[in-house]
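Just below sit the structures, each encoded as structure tokens.
Heads up, the next two complexes both have chain A, just with different partners, chain B and then chain C.
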Partner chain A sequence: MSVGPALLRRLGWAAALSLAATALGAASLSRGGGAEAARPAHAPEPDGPGPAFDTRPVARAALRRRTGWGFRLALSASAFGVLVLAFAVGVLLLRGVGVWGNNIPHVWGFDLANYAWWIGVANAASLFAAVLVLRRHGLRTAVNRFAEAAALAAVVAAAFYPVLHLGRPWLAYWVVPYPSVQGFWPQFGSPLVWDLWGILSHVLVTSTFWFVGLIPDLATLRDRAAVRGRVAAARAYGLFALGWRGSVVHWHRHQAAYRMVAALVLPLLLSAQTVVALEFATTVVPGWHQARLVPHIVLTGLPSGLGAVLALAAVLRRTLDLDDLIDDLDMDLLSRLTAAAALASLAVYAHEALAGLVLEDAATREATAARLFGPLAPAWFGAVALVALLPQALWWKRLRTAAWATVPIGVLAAAGVWLDRYSLVVGGVLRERMPEARPLYVPTVDEWALFGGTAALFALALLVFARFLPVVSMFETRHEETEHEREEEER
Partner chain B sequence: MRHAPPPLGAPPPGRRGRLAALVAEMEAGRVSHLLHLGGCNPAYDAPAALGFAEALVRVPASVHLGRHFDETAALCRLHAPLPHPLEAWGDSLAFDGTPSLRQPATPKLAPEARGEAEALSVLLGAPTAEREAVRATWRGVWGEDGPGFEARWAAALEEGVAGAAPAPLALPLRPGWDAAGAAPAAAPVAPGLSAVFAPDPHLRDGAFATNAWLQEMPRPLTKIVWGNAVLLAPATAARLGLAPGDEVEVSLGGEAAAPSPDAARPGLPEDVRPRLLGGEQMARRIDARPAPAAPAALRAPVWPAPGHAPETATLLLGGGRRVGGEVVAEGRGYDAYRLRPADGAWTAEGLVLRPTGRRGALVTTDSHHGLDPTDAARVVAPGDALPPVEERPFSLHPDWPYPEGVRAWGMAIDLDACIGCNACAVACQAENNVPVVGPAEVARGREMHWLRVERHHHGAAEAPSGTFQPVPCMHCEKAPCEPVCPVNATLHDHEGLNVMVHARCVGTRTCSNNCPYKVRRFNWADHRRALATPARNPEVPLRPRGVMEKCTYCSHRIAEARQRAAADDGAGGAVETACQRACPTQAIAFGDLNDPGSAVSRARRDGRSYALLAELGTRPRTTYLARVARPAGQGAEG
Partner chain C sequence: MSAGEAGLMAEFREAGPMLDALRAARAAGWRALDAFAPHPVPEAAEAMGVRAAPVAWIAVAAGLAGAAITYAAQWWIQVQDYPVNVGGRPLHAWPVFLPSAYIVGVLWACLAALAGMLWLNGLPRLHHPVFGARGFHRASEDRYFLFLDARDPLYDRARAEAMLRAHAPARVSAVPAE
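Let's look at the complex of A and B:
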């Protein structure tokens, strides 16, 4: 059997359910929690042939002693990339941001473009996971765990840039308000100070969200490791399981906490990405000084996060044999969400062209024309093609479940959003108020190394996650299973 | 306007001929001793066709006295360092002929160095100290001795001048001097272009090529730094299919058949090498100079300059120095002396430009070669006033509260007086310890000048009119840089200055993003070691790597004036910024806007006064006075 029929019904509900229905659902959730508690998580489970639908492959993946050569290769490659990151950071600290290609007026380049891009990936991924949890969507069992993990890894990758791009990174703490002998406070009117709080809350909430959702599964891993006699692993998992025993009280509190943190994720969509947009929109640079920048950054951020989750889901279900848990319907829904986000982005780009080239004042029109048709035209048009147009292919049903289509489309959508951020940060200052044309910003090897290094860190974090933690939420899968059985009985 | 007679009198006739005669004597072996005084450098700046350098190595005893070890010094048997004029006693004539006495401003940095007067007296067999030599001169000039001379000497030293300028000349204009139709007869048409040899605007004949400030300062019209280019009219460049920066092989067609003097350049005689000052390495380097392919040709990038005469190429002298240290290292432009006719003529016919298909190594801070469609530099017709600009009525940022009785510093720059000479920008660089970053960094857009002189072209590319516009920090009342700094590193002070606190800056560079005038500069590298020389201004701190910096209105001078005013019980306290003091046309006024009588207040009330990008509501403290000219299409301007 599969989760298919249940999922289909849930899809129908999801379309119809209102917030009130969400509140109503709390009762069934607590019943579900009770049902799970009836089969305590720490009770040993037989490793033999179980029901057709079980979570053992997930736990086995986390508890296996040996890994395949493909995994080891990927791990080595990303570990090497992290070494490159360490080298790039070392060079940067020793020699300063002069090793980058920045100049006046291109004082920002890869630093802010990559930062905005990583934040976009993180935001869209965690927003996606939070919506799934809050609406108690069937899909959440399949993808929200690694959507959360991807979000957390992306935030960590993003967090490098606001510090490292400083001329004197070791003084970054001056942005924090603390009583100092200098008698100075940060300038609270500066969007860069808002940015500190934006990314700080993003890291805190995203990691809490991910960790709270992980607790029951950590307990399961603890118990299964103990059954297999792996004491060290059991202790390690047990430390982070925070003494979870699966009592009704535990489940009750856990669900309350989990959904509260999920609700906290929602404002992050408005905070983190909006702050990134405001860093540009509050300047007098004509190419940036636009209110439309906030919805632009938020909406075009969605395809990058969803595209990354889509590609990850397609890869994970293949490599970890999770075809049952992340099934075709999950992929179908994820693909359609990506396509819908791309459609919204298309509207955003159309508005950008219309407003920037026709409706705005002369300085902005010139700046937009320079950005769209100047030396960085490929970045803008590439972004439109990859973010807004290419994912439209996912409206074709046949492509939605085909890994050969979803993986490249997802990755290219994320790459397209990167082009968008590059076009904004670098192309946005091609034409400014003074008639000054200056050397174009060209990223140096150090900048590529830093960017590649953060990507490797992202990959390494996800690989380590896939190695030691359940990539699919086991307790929610079981919960869904029991609900499904109950429905069968009712029928 | 005052017409002064030439301080040194008219140049003696036939000087060039005398140099040619000297070279002939040297080649014939009839010159036994050759003395180069005052840092002259004929091995570089004599036309290569004259063959001075080749003749010099045949002179048995050649001596070079100069402040730099240059091409001539390298070929002489002996080079002796000359102290800087500020290290030595001497006397000089100002531009209008006012005589002045010069006292050493510092002990000699190299105690062994001897001034020219002392060195000459040694050679003449009667060694005299410089001070005594100067005193002897003025004894003769004044015709006094004893106590009378001593009193007058002391008074002249105290005043700095030793007499008055000669009476100005009353020069009537020749009637009909500006009559039209007196165009010179058309020159005979020669194949190729006409070549004009012109001194480099900053390096002159090459004597200033060792000055890194001048090398890195964008040339007034082309904005080229650290090199030079062959200047062409845009139409000529278009006809030849040359884009800005394309490399061409330049040759004078008429000399194509003649054997190249460069190709025939002999190596140094073996017996000379060990005696060369600078050692074997320098000798190798001179020998290693690539002999150019015959016919004499040189490679240079081209640069179309709006307003340049058509079918003419300007070859700038002063580039392509070969000896003289890091600043004049290889690759700093081309050496036009290699093409200059042997008689030192300023023009030549039959210039041929052959594209090599390569791009020249050319660094410029100006990548917009066309005309500026902007109204950054305003022009008004004589007698007209600019229309008033509507102030932005609303701002989220409250006005700054200023205490009673403080001064409100402001600057007014008269575009009608500015001649674009860059003296202000170099003065600013010297005053404020602004680093020189080198051609590679300038090419990346990282020059550090706090004050840049923009040049704007108006009108047709064939005959444009131009306006120069110095752009320092505007010290905006509503400075966009201030609210975006996360750490309060750029602030408004009680006198309205926009101050940059280097120690507080963490280097987010967001202030530069938000500066619409783009006057902020970032320390991409640590320049402190290069700047920590005795030449730096001790009043201005050196900035570390990773912080922003910008024009301060010479705040150290303001602080000094404040202290002076406090000590003088309120009297005094006038402030002159470095750029203002250096400006030869007094285009820059600086002072207190709260004082209605100050020059800057008067400039603000002028009908030509306007603020740059006033529509943004930044309310700059630096304002401009528009250039006065007839509108385009109504004839040429003055």
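Let's look at the complex of A and C:
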């Protein structure tokens, strides 16, 4: 198998281009669908007034037959990016991890940096969604659904890396305890085995959280599709709606289950981020052997997920005509949350610099100095600027509801957290008690193609989700509006 | 009970009248009845005498069982069946068994919350007679329904209809038996 470096380089560029096109396409998502969605909501009911809510635009957006060119372009671009991902994985399987830039001391590079970054995005998005459900916050109606969907897509993207970085990924099933004929069992003391259970649980719990909230909305889509005479669509939605008929008894148990799963997401997320941090902390590398890594990874993960949700919310409300359902107050609160998470990250970075440069032992001080002022200084300072400082602009009220500000700030905060993970994984081993100069880790084109490919997979998953499923929780919107109405009557 | 009839369905435009009708029916002694809404109506569930606690108990029990089974499996593998001496460390090194036990416990609890909710609700189910009611597709959009089941010993077409009509429904219709 010979793959020319030129071809690989071109593919890397193609992945990058397809990503850019995806972002552009997402921005113009469903103008075609919008043509239908932009129609007046519905004719006044002939038989008198009904409830205050109207969630029909959401269902209409999911059931539209045609999509705009922007959506199709974005879909093709991200599908192409997924092909690049398949190619990068194929090259890795055929030629081995030698196609990556990893080498001693940089045994981890993109594989772990990207994994930790995707997990961080997923965690912050799930954490946000779970807290909203548990607090019955009004914002949940607007952003919960796609926060959950973004979390799910990010976990799937993250799950590639721990398998692929094994060296012989086709033997990944060895970490599963199964009664093999050789009589071998996996070692449960190994963080690699913790990873298996951590990622498996993360994928399943995140999908359960998303699906439990989706069941009643799938029933709505089933009924709307049936009314429009679209039998195949009604059957497809009906299959996953599991025969939901909206009995008040069922609702009661459904709410209990939804809140239970949301409550279970919290301990899972803490453990998922903590296990990532522990994998560093259990080594004897001075820059990594730190108890402070656990809060560092959990807290700096927040701006990435919140930033991604913020950017998605701004794009979706604009392109799917959902200004009523995701209103200015929602965007305001989401922006302030992002800014608050950035403030917490600022404290984390200040502590890192203070502890690493002044308070720790000599080996750690040297490692931190190499990381902060060595060849990877731009990664660390870039992370501080994008994660901790830039989102502070969102304390300015006018920017919080302006899509031109929230979309780039959200995306750049997520990018900044990526720089942080890169600085930690690659910069963390620049000095590990060894004074001699060793070659710096440089990611290869194959690694970039893999990273771009997982990002394209993330985009593809979200595009398919926005195309076929309600992007706003319809039943929560109805619930919220009814409660609101009752409160006003009582006043 | 009339032949070929599963029961009587009343359609309401708002949750309030549906709730009043439901409470009146429960007070009159009806047991085989159900109400439908496009969003959770906790008061209606209360009037039906349903509690959601069993869902949580199922989840908690499954979570504890999952964690215990995972811990026991690790202990059996690492201490009994496949002991490996790693630098003289104890075979039963319990702290390293905790991450997997904890995470798998959370997973079991989560899946049990979904499965338990579906089991208690009698779902998934391919079809149900109430889907045959006129206009029932709006139960998932913006209408509220009250269904009086013909299997209730109190069921009498005329009496049931009079009781439903007392709460000014948008429509009362018979639901055909399957």
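Some notes on this structure:
Assume the second predicted complex is superposed on the first by the 436 of 491 C-alpha atoms of A that agree within 3 Å, B and C clash if a C-alpha of one lies under 4 Å from a C-alpha of the other, contacts with A are read in each partner's own complex, and residues count from 1 in each chain.
Keep this in mind: contacts are C-beta pairs under 8 Å (C-beta built on N, C-alpha and C of every residue); 3 or more make two chains touch, one makes a residue touch a chain.
Please read all numbers here as calculations on a predicted model, not as lab measurements.
When the two complexes are overlaid on their common chain A, residue A:332 makes contact with neither chain B nor chain C. In the superposition on chain A, no contact is made by A:360 with either chain B or chain C. Of the two partner chains placed by the overlay, only chain B lies in contact with A:433; chain C stays clear of it. Contacts of A:185 after superposition: both chain B and chain C are touched. In the superposed model, more residues of chain A are touched by C than by the other of chain B and chain C. Of the two partner chains placed around the shared chain by superposition, neither chain B nor chain C is touched by A:352. Of the two partner chains placed around the shared chain by superposition, chain B and chain C are both touched by A:193.
Residues 184-187, 189, 193 of chain A lie in contact with chain B in one complex and with chain C in the other. Partner chain A is touched in their complex by these residues of chain C: 13-15, 34-42, 44-45, 48, 50-56, 59, 63, 70, 73-74, 77-78, 81-82, 84, 86, 93, 96-97, 99-100, 102-104, 106-107, 109-111, 113-114, 116-118, 120-121, 123-128, 130-131, 137-143, 170.
Every residue of chain A that touches chain B in the complex is listed here, in rising order: 96-98, 101-108, 165-169, 171-172, 174-175, 182, 184-187, 189-193, 196, 279, 282-285, 429, 432-439.
Taken in their complex, chain A has these residues touching chain C: 47-51, 53-56, 177, 183-189, 193-194, 197-198, 200-201, 204-205, 208-209, 211-212, 216, 219-220, 222-224, 226-227, 242-257, 260-261, 264, 267-268, 271-272, 275, 278, 475-476, 478-479, 482. Across the complex, chain A is touched by residues 365-368, 372-374, 376, 443-446, 454, 456, 471, 480, 483-488, 504-510, 512-514, 516-518, 520-526, 544-548, 613, 616 of chain B.
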